[in-house]
Structures are given as structure tokens and as C-alpha cells.
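Look for subunit A in each of the two complexes below; its partner is subunit B in the first and subunit C in the second.
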Partner chain A sequence: MKVLVVDDEEDVRFVAEVSLGRVGGMTVVVASGGVEGLQLARSEHPDFILLDMMMPGMDGLTTFHALKADPQTADIPVIFLTAKGLAPDTEHLGAKAVILKPFDPMTLASDIRKILES
Partner chain B sequence: MIAPPTVVDEIERLAALDGYSIIDTEPEDSFDDIVRLATMYCEAPIGWISLVDATRQWFKARVGIEARETAREISFCGHAILGRSVFVVPDAQTDPRFMGNPLVLGDPGIRFYAGAPLTTPGGQNLGTLCVMDRQPRQLTADQLSALTMLARQVVTQLELRRITAVHSAAEDELRRCGDPRDFGAHMLDVSEPREVERMKREFISTVSHELRTPLTALRGSLGLLASGAMGEFPEEARPMLAVAERNSVRLMCLLDDILDSDKLQAGRMEMTAQPSPLRRILERAIADSVSLAGQEGVAIDLLCSDLRVMGDADRLVQVTTNLLSNAIKYSHRGGSVTVIATRVRGWAEVRVVDRGRGIAPGLQQKLFQRFQRADFSDARTKPGTGLGLSICKAIIEQHGGTIGVESSEGQGSTFWFRLFAITGIAGHEPSFDEGSALEGAQ
Partner chain C sequence: MIDPLLQELRERFRETARVRLEEMRALVARLTLDRSDLGALERLATHFHGLTGMGGTYGFPRVSDLGAEAERSISPLMKRGRTPDEKTIERWDELIGEMASELD
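Take a look at the complex of A and B:
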């Protein structure tokens, strides 16, 4: 399973990369912002995208809408990553789920698998 | 006749007058009463509250005259606002400033005039409170004092009116915009405490959210290290890792509590009321508390009637988890905590019972206030923010319920909350007293 992690925080990207990759056995591609995330989503065709909400420049919501507007990426499930209290209405948006920071690094991959299977 | 000269600081005076937004407003009882009092006490047939703008004197209240205003150049009050004390004209017909004045020659036929300036706190004379007669005379010393005092009352009324109007505008603006930053500068004065409070909350919220990102990296890294995902960790370093992990959890709990407390105080915590089986709520709370109970060597039991409540299940789980957390932390190792849910006269009552050391009577109600903690010598070694119970109280009260504590020192404590119980779908809700539908959970 290939995942694209989009987060502007290098340390959070690293933890997510280890959690999903080394612990969760997934192939992880990382992007440090919305623009890079869109490019990698088109070129890498991940199975899902873990997308940070609050990012400078192109934020998570804008990135999400851009992904959904592009036929190449519209079908890729998106899971938002955000701080408590900032969670968007995923049902309304059409996003798959929201994972709250801080996530449990040991269960992040299994939690996401359950979400994707549901 | 001599027209009144312009006041030295006329621009500032007119600006001050404009600030009261009083000119051309409807009559108001409070001002009418003052004029009536002044004319009665001074035994004068004519009196008014005159506000002098650039071109006219306008009467906010008046007795003995029909006109609402006159030109400023024929006004007695235009002269009266030049000084600080009561301006008296014993006989206008012999005073060169008023000989030939239409107010003297015609209606209302003024001969005697006494006007006390309406001096604002900023020192501007807006106009006068004055009494007049159609014959030459004087005021007694008492009448002069009374006129001065009543003039001060007029200014007080004007001030009250101005402050009320600004407050009202600020309230309207708040309702309309929802954001005090949009206020004009003149509104910031009165809304300052509200603005400070809002900024404080925004600061807390921002800091709490901003701290969450580094904490995510910190907790994630520690979790990965502790799990061995990054390789074996030296055995002697493990206690140190546990300290770091434990304290990162504490920091996160503190952030959550601060955010929740802040939201509840501001009335911004969204709650979704839905009918929920109470058992499911309590079981979720117990599941969330099993790890802590295991660490502390405390067992949890559940005795639950078949009850349903209307409320936000997640928030009710939060309340129960908080009460359980306290009960576990202050229980003796090897002890137990019991959660009991029963119907009490239309209410669903949840009791979290521990057999710990109990709480002194004087402390019991204080515990529900923010940043209050049990005054035990080791309280600081028990993780907690002092916000948990105040959050529980606010959540339960938002559900229309009540929360409380019963405790005896040395014998344990029972924290309870009551919520309105709703009728079950099947219409059958056996109570705890009936001895049915009860079971030990763990």
C-alpha cells in the first residue's frame, strides 16, 4: 500500500513516515506542502493521502479541493490530519476521515487500514 | 442687544456636544423632571435645558415656552456658557446685552434669567439649565445652589445616556459581526474588558493548537523509540524514556483541558444531543480508563440499569472518564472503583465510587472550580490540571444536569452526575432497585 503524506512540519513527516513505513509496512512518499502534494499525487498515484489541514501557502482544504477537481487524483481517498478542534466536516467534504494530532505512531497504519476498509 | 461672543474653545465644545448625540432627540422624562424641579424650587414660570450648538440653542426639556429652539445670537444661554458659575440677569430690560432682544420684547417676555452651565467632565459648557421670570427678581442662595446641583444632574444624565448608547451599539455590533476587532475606535473603550477576554481566549487557543504540532512529533518519536521500532533501547535508559513519554501525555492532557475549558467558558463547545444508551457511554469510559487502572492496580466494576439519556455521548464519556481517572488515581493499590447507574425519580444518576482517602468537607465544592485540586500532600505527584472537574461540571450543566460529590475523609468519595432519563424504545426500563438488568462489567 502506498501513501502520500503531506505535512509542512518535517518532524511530523518523519514520525508519520516511520509509523506508516517501518511500523506499518507501507510505502511512504512525503510532500512538504500542497503544491508538491498535488504533483506527487499525480505522479505517484498513492492508495491514499494523509493531508495536514494547517499548512502555509496552499492549506489542506485548498489542496483537497484541487485533488478532487483533478480527474487524475479525484478518486484517491484523503484522510485529514489535524489538531483537535480544527477538524473539518469530512462527510460534507467527501473526505474519508480525520485523524487527530497527536496520533499513536504504533497504531496509525492499522487505524488507517480500518478506515480505508470501512 | 449684544449677541453672545463665541466661546474660546468653540470647536472642542461643539465636538463634545456632538459626542452626546442629544440635539434634536425626543423629550425624555429624566430631563423634563429636572426642569420641573428647577422651576418649582426657584418659583419661576419658565425654565429649560438649553444645548447651544453652532447656530441655535435647542431645548431638551422646557417649561413655559412652546418653541423647541431659538437662534443662538438672541439666546441668554449663549452668554451663560461663557462662565463657570450661574449667570444671572436680574432685569433684562435694563441690561444692554438684552435690551431689544425678541425673547424680552416678545414671547416669552423674559425679564429675569438665571442659567447654570452644563459643564462636562472634560470642562466644556454644552448649554445651561436655566429658570426665567417675566418680572425682575433675584434667586436666594439656596435656589442658586439648587440650580447648580440640578445642572450637575443634567450632565450626569447626559453621561449616562451617552455610555448606554455606546454600550448598546457595541452589543449590536457584537451580535452582528461576532468579532470585536471590527469595532470602531470609539467602541474599544467600553468593550475593552470584553476585547481583552477575547484576545486572551484567542491566545490560549492559538498557543494550544500550535503546541500540538511539536507535541505530535515528540510523542510520536517517543512512542516509536519505546516500541523498539527504531531498534533496541538500552535497558537502563528505559525509565528515562518512560518519564519523557509520561510527561508528553500530561502536556497533551493539559492542552486538551485548557482548550475544552476555554471553549466551555466562551460557550463555543458544540454538543450534539442524541438519545444514547447510558451503558454504552459508561462502557466506553471504562475502556478508556482500563490502562490507567492497570498501572495503578485498581479494578473497575460497572452496575448499570437499562437507561437512556439525551446528550452528546462523546462529552458524557469524557465526563465519566475524568471522574474515573480521579477515582483511580486516589484509590489504594489493590482497591476498586465502582460505577453505578440507576434511575432516580426521572433522572439517570451515575455514581463513581472509590474507597480512597476521601476529601475534607471544606474542599468538596471547591473542586469544581477551575484550577482547584485536592489538597493532598502528594497531589502534585498525581497528574492533573485542576481543570477536569470544572469541565465536567460545565458539560453536565450544559446537558441540564447536576454534578456533585459526597465524601468522608478516610472512607472514599462518590462523584455523581444526574441527567434527564428518556423513555426507552421498548418502554421498559427496570431500575437498579428492582434488581434486574444489572451486571458486573469487569
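Take a look at the complex of A and C:
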């Protein structure tokens, strides 16, 4: 399973690589912003995208709408990553789910697998 | 006993957060001199947000709590384009100090 993690925080990208890659056995591709995330979504065709809401430049919501507007990436499930109190209405948006920060690095991969199977 | 992987994550966060806290102290010093320094305010808000989000993930839940307290005062200022008062800046400095203590 391949995941694209899009987050401007280096600490988040690192822990996601450890949690999803080393612990969860997934192939992890990372992007530090929305523009790079869109490019990698098109070129890497991940099985799902973990997308930070609050980023400088192209934020998570704008990135999400761009992903859904592009036929190459529209079908890729998106899970938002955001701080408590900033969670969007995912059902309304069409996103798969929201994972709140801080999260447990040891269970992130299994939590995501459950979300994707649901 | 802490899982070796969690221990590795904690050690890494300690290092990166200490660097971040040093920069935050410098930003607070800038704001103390000039409360209208919006560049410093924005950068400080980004740091508090990052520590709030990741402290608990890396095994420092108190860092997340302290960051959340700072965010509650800094976010409304950012949204309204207002400058912080002296007391608020002093509190941010205290919170940075408490975060640093948590990492020791």
C-alpha cells in the first residue's frame, strides 16, 4: 500500500514515515506543501493521501479541491490530518475521514487501514 | 518500559523542539521590542501550532497542552490582525519556558 503524506511540518512527515512505513509496512511518499502534493499524487498514484489542513501557501482544503477536480487524482481517498478543533465536515466535503493531531504513532497505520476498509 | 521506537521518536523531537523553542524565544524578544511585528507573530503562531500538533504524538502531551493554551490567545489576534499586549507576550514567554522544562 502506498501513501502520500502532505504536511508542511517536518516533524509530522518524519513521524508519518516511521508510523506508516516502519511500523505499518506501507510505502510512504512525502510532500511539504499542496503544490508538491498535487504533483506527487499525479506521478505516484498513491492508494490514499494523508493531507494536512493548515499549511502555508496552498492549504489542505484548496489542495483537496484540486485533487478532486483532476481526473487523474479524483478517486484517491483523502484523509485529513488536523489539530483538535479544526476538523472539517468530511462527509460534506467528500473526504474519507479526519485524523486528529496529536495521534498515536504506534496505531496510526492500523487506524488508517480500518478507515479505508470501512 | 518505553518502546525503543517511541524512545527514538522522543529523542528526535527533543532535539528539533529545542531548536524551535530557541527561535520562539527570539521571536518573543522581537515582539517585546515591537508588538506590531506581524512577521514575528505569524512565525510564532506557526511554531506553537506545530508543537501543539506533534508534542503528544512524540510522547510529550504536556507540550501539546501548553501549545494549545498559546494558540487560544494567538489565533484570534492573527485572524483579526491585532497586536498582542505585553501581558500576553509575557505569558507566551512563560509557556515557552514550561515547554523547554518538559523536554528536559
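Keep this in mind: the second predicted complex is superposed on the first by the 118 of 118 C-alpha atoms of A that agree within 3 Å, B and C clash if a C-alpha of one lies under 4 Å from a C-alpha of the other, contacts with A are read in each partner's own complex, and residues count from 1 in each chain.
To be clear about the criterion, contacts are C-beta pairs under 8 Å (C-beta built on N, C-alpha and C of every residue); 3 or more make two chains touch, one makes a residue touch a chain.
Everything numeric in this text was worked out from a predicted model, so none of it was measured.
Participant: Examine A:47 and indicate which partner it touches, taking first as subunit B and second as subunit C; both and neither are also allowed.
Facilitator: neither
Participant: Kindly classify A:9 by the partners it touches after superposition: subunit B alone (first), subunit C alone (second), both, or neither?
Facilitator: both
Participant: With both complexes superposed on chain A, which partner does A:111 reach: first (subunit B), second (subunit C), both or neither?
Facilitator: neither
Participant: Under the stated touch criterion, which partner chain does A:17 make contact with: subunit B (first), subunit C (second), both, or neither?
Facilitator: A:17 contacts neither subunit B nor subunit C.
Participant: Across the two complexes, find the residues of subunit A that touch subunit B and also touch subunit C.
Facilitator: Looking at subunit A, the two contact sets intersect at 9, 11-12, 14-15, 18, 22-23, 54, 83-84, 101-106.
Participant: Would you pull the subunit A residues touching subunit C in the complex into a rising list?
Facilitator: Residues 9-12, 14-15, 18, 22-23, 54, 56, 83-84, 101-106.
Participant: Taking the touch rule as given, give the residues of subunit C at its contact with subunit A in the complex, in rising order.
Facilitator: The touching residues are 3, 5-6, 9, 12-13, 16, 46, 49-50, 52-58, 61, 64, 68.
Participant: Give every residue of subunit A touching subunit B within the complex, in rising order.
Facilitator: Against subunit B, subunit A makes touches at 9, 11-12, 14-16, 18-19, 22-23, 54, 83-86, 101-106.
Participant: List the residues on subunit B that touch subunit A in their complex, please.
Facilitator: 205, 209, 212-217, 219-221, 223-224, 227, 229-230, 252, 256, 259, 263
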